[in-house]
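The letters A, B, C, D and E name the chains in turn, as written, and every chain counts its residues from 1.
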Amino acid sequence: MSGDWTAIWLTLKLAVISSLILMIIATPLAWWLAKWQHPAKPIVQAVIALPLVLPPTVLGFYLLLAFSPQSWLGSGWESLTGGQLAFSFAGLVIGSVIYSLPFAVQPLYAGFVQLDIKYLETAGMLGLSRTAQIRRVILPMVKPHIITALGLAFAHTLGEFGVVLMIGGNIPGETQVLSISLYDHVESLNYGQAHQLAIGLLIFSLILMSLLYRLNRKGRDAWNSRSG
Amino acid sequence: DTLKVAVAANFAKPLEQFATAYNEKTGNRVIVSKASSGTLYAQINHGADIDVFLSADSSRPQQLLEDGRVNASDVVTYAIGRLGYIQRSNASPDVETLKTFALAPTTRLAIANPRLAPYGEAARQALTSLVLWQHVSGALVYGNNVLQVYQFYQSGNVDHALLAWSLIKGEPGAVQLSDELHQPIVQQLAITATGADKAAANAFVDYLLSDEVQTQLPQWGYQRTGTRE
Amino acid sequence: MEFKVRLNTQGRPPLEATAAFSAQSVLLGLTGPSGAGKTTLLRALAGLEKCAQVNVSSYRRSSPRIMMVFSEPCLFPHLSVEENLILARQYSADSGASLTTYTALCHCEHLLGRAAVSLSSGEAQRVALARALASQPDILLIDEGMGAIDSATRRAIISGLKQYATKTQLQVVLVSHDISDLALYADELALLEAGSLVCAGQVARVLGHYATETSLVPCLSLLEGKATDPDPRYPYHRFLCEGQVLYAHSRASFEEHVRLVVDARQVSLDKMDVNQSTLVNAFACQIVSMDTLSDAELRVTLRQGDTTLYAIISHLSRDRLGLTAGDAVTARFKLC
Amino acid sequence: MEFKVRLNTQGRPPLEATAAFSAQSVLLGLTGPSGAGKTTLLRALAGLEKCAQVNVSSYRRSSPRIMMVFSEPCLFPHLSVEENLILARQYSADSGASLTTYTALCHCEHLLGRAAVSLSSGEAQRVALARALASQPDILLIDEGMGAIDSATRRAIISGLKQYATKTQLQVVLVSHDISDLALYADELALLEAGSLVCAGQVARVLGHYATETSLVPCLSLLEGKATDPDPRYPYHRFLCEGQVLYAHSRASFEEHVRLVVDARQVSLDKMDVNQSTLVNAFACQIVSMDTLSDAELRVTLRQGDTTLYAIISHLSRDRLGLTAGDAVTARFKLC
Amino acid sequence: MSGDWTAIWLTLKLAVISSLILMIIATPLAWWLAKWQHPAKPIVQAVIALPLVLPPTVLGFYLLLAFSPQSWLGSGWESLTGGQLAFSFAGLVIGSVIYSLPFAVQPLYAGFVQLDIKYLETAGMLGLSRTAQIRRVILPMVKPHIITALGLAFAHTLGEFGVVLMIGGNIPGETQVLSISLYDHVESLNYGQAHQLAIGLLIFSLILMSLLYRLNRKGRDAWNSRSG
């Protein structure tokens, strides 16, 4: 069970870091996608959804190929950091980000598309820079979508398993995340410990996600309830 | 000083025991990571830092040999698996119980996927030898590995299963099948360590092949193998 | 302010408008029938119509900062009224300015603590205007942004806005369907029809065009002139228009210049010399022409010097007084 | 139509309003300062304020079908103009009705093929109104839904709406800040201030209250009466008000009843007997009282029989003519 | 490879049926959630996200327990249909629906929350019944969100693997879906066949999802580009 604690800590770290990176990547991507008008747009949207289509272990297998020192990604990483990408925490983060990207992009995209452009025009005329517009107007106005995206990305990274199993190599303290230990417990027929861990994970996630979704409440109630 | 050993899930429990004993005896630490043989193979093939790979079959270690990753002397058999049959209706079953059921299957029979797991292949061979394959093939469900087969049985979703004897040894309704019904389930390992770690890996493998360990194998449901040549 | 706008995109009615307004004109009125392109023109000026070719310059700055107030207030729904204003001020030239000026001008001090989404439509429009002012633009474009405000408050706001604009050299373009608001307060006027500026410039001239060349109502005339010695007993502005003394209320007057907007339906004509009624203003002039508007009404165009005045009278009255073109008459109307 | 509305929710200004309007009144005007609660009242009547206790009945039906037109048009953005109208008709009582009636009434036939999102604000308002009519409600509530339409079109629409309503027994509640629109067309009027109906009922009475008891502008009076023998040479309506003949334009008249709305600033007073000016209407009456409005103006309340008339005149004129309470005067104003 | 064709067909069937059922369940659920105001709301939202948190195989393991004839669900199903839930197509559908529910609910929820209530009030006053409002106004207006939800749910079911692996039993033509065959190929070192199948799956999904996202384009362009 002490191994579980390491796994919990590692999982949290992975989920938090991946979710943050996801939001940082997904927000501008979704924004650009919402503004971009081109016949090829549906194809780009479909490409973004593709990581979902492959079974996670298979995706992980291909990531493993990409991470190997023979590939440009793996060798580039190695010459940059001296370390190996596969079986490292950094590799897990990359895998999780790729795997969960669709969940982060799609809700944000839908939010941006529905944002009334007049608010942005007003913000622009008020002199807000692009960044200020994003920070002061766009993000607060699409908050429910951000929370949806964040919640999905976070939960998905917590439960993320196939990819991690493949590229992580199940190394305690480095790549053995909770989902893998849980899987291990089930696989090694330690059902008691599996139940414990599963219930713990569920309760913990329940609390964390409840807190996340609570953010949505304040102010939101009044938002659409007025006729002006 | 620490050795990284990757093991196919079905042998994980005994290996952990042996590793602990080895640690007590020599002071050398052994880190065990477990996954399916296929996953482990793919990882080793793509640079995973593993010193010893204990596969559930012989084909993956042989594949590593073909790939040129290891030398012929690095691949050895560490245990012979045995096939078992478990079911719910009969407290002390035998092969006849299996035959009776398989000739007119009323519920499903779980085996491991013959393409992925040696126990699955062994189960297929056993059923073929008993001329039951034709009869049961419509009633089969495939587990991805023997552990999953065991879960199918344990959770009550199947009432009959053919799987590793090591998993069901001592359980009510379980019986070991004769090793004449199938090809030997040869579990091989490969020493993948290079350079400085190689000696330590060899030492651990020697320990696994020592009589001290090998005599314990039947207790775990495996058959011992000869010594390393 | 000078501008040149051209929009010719497939699927939209074309728009082409060029105009130059004097530096002294702080309030520019823009009107025209629904669908004429007023909103499109303002959006183009504000740089919001990507397909439009636009050139705008203000006298303050060659690339002026332009702020447009849409007809929907577009207050940021996640902020309170005060936060909306503070946000605007923060990105303005003088981010230390006090908000009181703007809230007082737009009659919305009492709304500061409110959530933007909870305002009534008139309240929201006032806050949107205050926010626009708080961003301290060089040119302020208001697109029917005061329609939900009652007329007394609206006029007070326009008048205050004009004073503020004069003081700070802001130029305001006000789109409105309320032509009398515009006639009273605008320094110059422009009339947009079917995507082109059919007439722009001096208020009186545009009103003349509006009255005679369009089917739009109402029909207004503008009388203006230099203030003359005030009568100390009364607070009215006395001013000289074509050498005749006229009276006007203070609110529509700016500095030495006094202005009177007269609705043609409020003008009565007679041939008497003495004024025995409560119609304070009497303006001697000549009938230039009489045009039948309907079987009920006719429009009389009157002139004295450079000043043109319209009166809409009934056929009944014309017949009763026997009015014909060329007659010298006295036009009477109240001060307003 | 009769209603009783009570809203008393924490965090919102309370609203309490009870009114009964006669079955003959098809157009009910509602006005009041910004933030008074007009929108809230209409929403409550339409059943959209969940916390409000509401009782409404129409003379057509005890549980009438109510349709409200918001100040934003709220056209369904995924549909064309025509599809918006068709959708409304489909769920109406007579789903086979032709849309032409409604589009002609609201001047929007030419917009049928357009995407709802591409309309200008005035166009959208007209379509929203047509859509509301197409749903054939028993009571139609219009919340400043015509502010972006130019005044000529707007009056034509209101007038057409009133005829249509009379024909079909529809009752319309119109919220507007344009009190002269209301005075001219409303059958009854209600004035809402700070959440309560301070005055409701006959237009003349509410205008009187409006003129004397509130700080709102403008100050209007209503003169009405039975039509009398028309002069065949002129198309005006002649009618008898307190035994005196007055003239009015046809557009504000319905059947035998003729109505004239007079802005107090358009009324001039004199003591002469003969009319020598183009002010067609002369109404003999008595000064009841004179109230100073400002240092510039005073309001003169005039009465003849049951009819009250207001005139806003300057102190200058009062002094010039020496007017005092009790004087018999002639009030003169144009026909309009 | 002929086994692969059966798997492709089965996968499509599973993905289509699951996506449809998902939309049918998720739409009213998201709607109710958007309207419901209660302090416990964030908790309910978190509960909906929970299937994501568990590693799929673990989720599958618990489903296996739930499907067994000893449990109320398994026995109820058996007495109803005479068949077993585990190792059946119906079981796969149930598993997929539970696993993908968060992806369907969350984007729809965000869409419903941002829908201006005045459109619904107008529709209500126009006499549209609840159903008509949904069909004629609400659904068309939240179309981008529906497509997001559908796309995520569909893709996720295609790639769905751990749960299916656990409860499917890998029966060709019945429960052996594409993701499992693909996994099999990788595990049994048939990399050539794995690559082929993966590329096929990706291209196929790309085309299908592009078509789905194309639905979003029409009309959408003009939607927010007007100032009125």
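Just so we're on the same page, contacts are C-beta pairs under 8 Å (C-beta built on N, C-alpha and C of every residue); 3 or more make two chains touch, one makes a residue touch a chain.
All figures in this text were calculated on a predicted structure; none of them were measured in a lab.
*Asks:* Identify the chains in contact with chain A as well as chain D, in label order.
*Replies:* The shared contacts of chain A and chain D, listed by label, come to C, E.
*Asks:* Given that chain C and chain D are copies and touch, would you call their interface same or different according to whether over half of its residue numbers are shared?
*Replies:* same
*Asks:* So, comparing C-alpha centroids, which chain is the farthest one from chain A?
*Replies:* The chain lying farthest from chain A is D.
*Asks:* Between chain D and chain E, what distance separates the C-alpha centroids? Give it in angstrom.
*Replies:* 55
*Asks:* Counting in whole Å, what is the centre-to-centre distance of chain B and chain D, each centre being its mean C-alpha position?
*Replies:* Whole-Å distance between the two chain centres: 91.
*Asks:* Using mean CA coordinates as chain centres, what's the chain C-chain D distance in Å?
*Replies:* From the centre of chain C to the centre of chain D is 25 Å.
*Asks:* Which residue numbers or ranges of chain D touch two or more of the other chains?
*Replies:* 39, 48, 70-72, 118, 120-121
*Asks:* Any chance you could list the residues of chain A touching two or more other chains?
*Replies:* Residue numbers touching two or more other chains: 57, 61, 116, 118, 121, 186, 225, 227-228.
*Asks:* Out of chain B, which residues touch more than one other chain, so two or more?
*Replies:* 39, 42, 151
*Asks:* What part of chain C is in contact with chain A in the complex they form?
*Replies:* Those in contact with chain A are residues 46, 48, 65-68, 70, 72-74, 76-79, 87-88, 91-92, 115, 117-121, 124, 131, 135, 137.
*Asks:* Which bits of chain C are touching chain D when the two form their complex?
*Replies:* Listed in rising order, the residues of chain C that touch chain D are 12, 31, 33-35, 38-39, 71-72, 120-123, 126, 144, 147-153, 177-179, 215-218, 231, 233-236, 247, 249-250, 265-266, 268-272, 275-280, 294-296, 311, 313-321, 323, 332, 334-336.
*Asks:* Could you pull out which chain A residues touch chain E in their complex?
*Replies:* 37, 41-43, 45-47, 49-50, 52-59, 61-62, 102-103, 106-107, 109-111, 113-118, 121, 144-145, 148, 151-152, 155-156, 158-162, 179-180, 182-183, 186, 194, 198, 201-202, 205-214, 216-217, 220-221, 224-225, 227
*Asks:* Tell me, which parts of chain B touch chain A in their complex?
*Replies:* 9, 12-13, 31, 33-35, 39, 42-43, 46-49, 147, 150-151, 154, 167
*Asks:* So in the complex, which bits of chain E are touching chain B?
*Replies:* It is residues 61, 64-65, 67-70, 74, 84, 86-87, 165-166, 169-171, 183-184, 186-189 of chain E that touch chain B.
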